[in-house]
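Going by the order they are written in, the chains are A, B, C and D; count residues from 1 in each one.
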Amino acid sequence: MPKQRLEAFSDGVFAIVITLLILDVRIPPTGGGSFGALLLILPQLAAFVLSFVIVGVYWVAHHMMLHFVRAVDRPLLWANLLLLLTVVLIPVPTAWLGQHLASPAAITAYGASLSCTNAAGCLVWRLGTRRHGAEAGRLEGYVRFVTWVHAAPILVYAAGAALAFAAPYASLLLYAAVPTFFILPNRVLDTRLRAAMAADAAPAHGH
Amino acid sequence: MPKQRLEAFSDGVFAIVITLLILDVRIPPTGGGSFGALLLILPQLAAFVLSFVIVGVYWVAHHMMLHFVRAVDRPLLWANLLLLLTVVLIPVPTAWLGQHLASPAAITAYGASLSCTNAAGCLVWRLGTRRHGAEAGRLEGYVRFVTWVHAAPILVYAAGAALAFAAPYASLLLYAAVPTFFILPNRVLDTRLRAAMAADAAPAHGH
Amino acid sequence: MPKQRLEAFSDGVFAIVITLLILDVRIPPTGGGSFGALLLILPQLAAFVLSFVIVGVYWVAHHMMLHFVRAVDRPLLWANLLLLLTVVLIPVPTAWLGQHLASPAAITAYGASLSCTNAAGCLVWRLGTRRHGAEAGRLEGYVRFVTWVHAAPILVYAAGAALAFAAPYASLLLYAAVPTFFILPNRVLDTRLRAAMAADAAPAHGH
Amino acid sequence: MPKQRLEAFSDGVFAIVITLLILDVRIPPTGGGSFGALLLILPQLAAFVLSFVIVGVYWVAHHMMLHFVRAVDRPLLWANLLLLLTVVLIPVPTAWLGQHLASPAAITAYGASLSCTNAAGCLVWRLGTRRHGAEAGRLEGYVRFVTWVHAAPILVYAAGAALAFAAPYASLLLYAAVPTFFILPNRVLDTRLRAAMAADAAPAHGH
């Protein structure tokens, strides 16, 4: 399978998931037509925005991972489908969270769901950047760095889940800190990425 | 991220949103099988057509904005996701409007939602057309013009919301005037666009 | 707007509509887990298959129309969006038909909806094949022929609607005859298409 | 129709179907906000994961089939739409299975639905690889082999349906064995595929 078709298919799934999230945000027919009805969907809106931003960050991360992939072999193909499976699952805990924004169970399930995506992301990254000889050496540090960047949020989600039983809203803020970290300008990430791209581009490689 | 992939992802989201709008237009199972049941969905149909046309205009505007973008940097990437977030939100007030076509609250929420999209559009436009030196000078007037074109509908939506409490249907007509303005042949817009494209194309730039 | 992007966007909408049709085919939670529950969705399945095939034929027709389009100007762009609007509407009468398969009202509404798509198709075709001078002459006969091919089903749908009050199932068979006509091998259509393509390809034209 | 556009449209439908599957997995509003609510969706989750993986395998198989297609003629075009029709249907038995995981009727319907997809896949494969003269000879063995690979799961699904009345969960495991077979490293499949690709690539052919 050419890398380009895998990217296009993955982009399609990301675009559909990010848009389907809104299907769970609806003012109920019994809500009436006054401004008060808007209050009914505030928790759903909050859960929607959080998941939209997080899926957006995953989409950008997926693109950056695939940039370093030379060829799509079978293990990478199925690991990528596993990653997409975890992304497609995100609307389920999002909808639950939208109904019970302060429920420790919903917050924990939400964090667990995102942790699965991050774990699958690590797998895709390791399988996609297996290289041999000098090539492997040039990227080794970056591969380890990005693995860590993908794994670290799992610790944040675990901390958020533990916190959820004491202070559920603080827990949600902790979750929101993860995409914020990736969206804000970040000198360390940028420098590392640029260096790795330069190292990787040294020998011409097919796209 | 190459501009082409950002466009493809954005196009995907626009296509999904414009199609999902129809999910809220359904003759209820209790509506029966006679022609009278069609009357039940007239308000939903009106809200659907209005939003379909508006999202279509946003899609064309998005394409024209990205035409002038040279490279996708981080700020533009996240501003574009913010724009998509506001587009994905449009089905929510549309569905509410479909249930309460004459409700001032629903009309105001609808206008506020569209205003967010226009504001995000201004941001994408300003971030996407930052240039340096002579390049910046050549497009300066056009950049200011398009910013104004994106900002002006916000005033119309505000006027529509104010009017909604007195004459809700006049308010909806005012909203509908915005996409109509962009769809009808428009000598000013066309002349400006062509001049800017010519100015921009002077030095060869990758697409 | 380049023709290619218009095609990709339209293809996206066609793909989403053709898939969303299935959302209205669901065994209700009260249907139970025995084979009898399958009988409950037979009318929905029939309506789904009919609409799936019809939208598939529209998709192929759209592709063939765009093949002869040289450039996308504003009128064509908005006519194409109008066509997509009528395609996006198809799930509404389909869902109604799935609930009331023998209802003359539902059958008439379904035929009326498809007629709108055919009328919009005629518009897209005429706007997309406006040519000047010798070019126009070479395709003139084919343009008129295809206009007729797009318009003729409207007569069939009108006949079907009239028949619906006497024999609703015969009416549905009449509707089904339209896509069948386009799917079955058809020497007239094929010869005409090939001749037009040859005439059109004579001078090199951009894609 | 160029092969590339058929692939893009098919990919779009596959991506939408694989994502829509999740719409039937939702914790009901009456489920509450405690961990117990998660138990309510376990059968739905199981059905979702099974179908996600199966549709993923179909997507990869579709790609591999189209790799050997030289040109898209009318019969192949409609056979491919038939294949997509059966893929779009998969969410219906999946949703039913999610409600009644141990129901022999739901398990049989699910297997029957997948069998239709496999049968349509055989048709696409035979129509897509019709060749003439020496070309036909070179691929003959592979064409027969892949036909068998597509047909064999139908026997498994039939066995699963028969087993469903005695041991429904064993039946589901049997279904799950089919995608597992294609996902696990498979020396026979790989060797055959590589040999066929080499034989097919001998004369340059357009893509």
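Throughout what follows, a contact is a pair of C-beta atoms (placed from the backbone, for glycine too) under 8 Å apart; a residue touches a chain by one contact, two chains touch by 3 or more.
The model shown is predicted, which means the values in this text are computed figures rather than measured ones.
> What shortest step count links chain A and chain C in the network of chain contacts?
2
> Taking all residue numbers used at the chain A/chain D interface, answer same if over half belong to both copies and different if under half do.
Chain A vs chain D: different; shared/all numbers falls short of half.
> Tell me, please, which chain's centre (mean of its C-alpha atoms) is farthest from the centre of chain D?
B
> I need the rotation angle between the copies chain C and chain D from a CA superposition, between 0 and 180°, in steps of 5.
The rotation relating chain C to chain D comes to 90 degrees.
> Roughly how many whole angstrom separate the Cα centroids of chain B and chain C?
27
> Centre to centre, by mean C-alpha position, how many angstrom separate chain B and chain D?
38
> Pull out every residue in chain B that's touching 2 or more other chains.
Within chain B, the residues that touch at least two other chains are 8, 12, 16, 20, 23.
> Using the touch rule from the top of the page, what pairs of chains touch, sorted by label?
Chain-chain contacts present: A-B, A-D, B-C, C-D.
> Write out the stretch or stretches of chain B touching chain C in their complex.
7-8, 11-12, 14-16, 18-23, 25-27, 29, 32-35, 37-38, 41, 49, 52-53, 56, 59-60, 63, 183, 185, 190
> Tell me, which parts of chain D touch chain C in their complex?
1, 5, 8-9, 12-13, 16-17, 20, 23-24, 74, 77-78, 81, 84-85, 88-89, 91-92, 95-96, 99-100, 103, 105-106, 108-109
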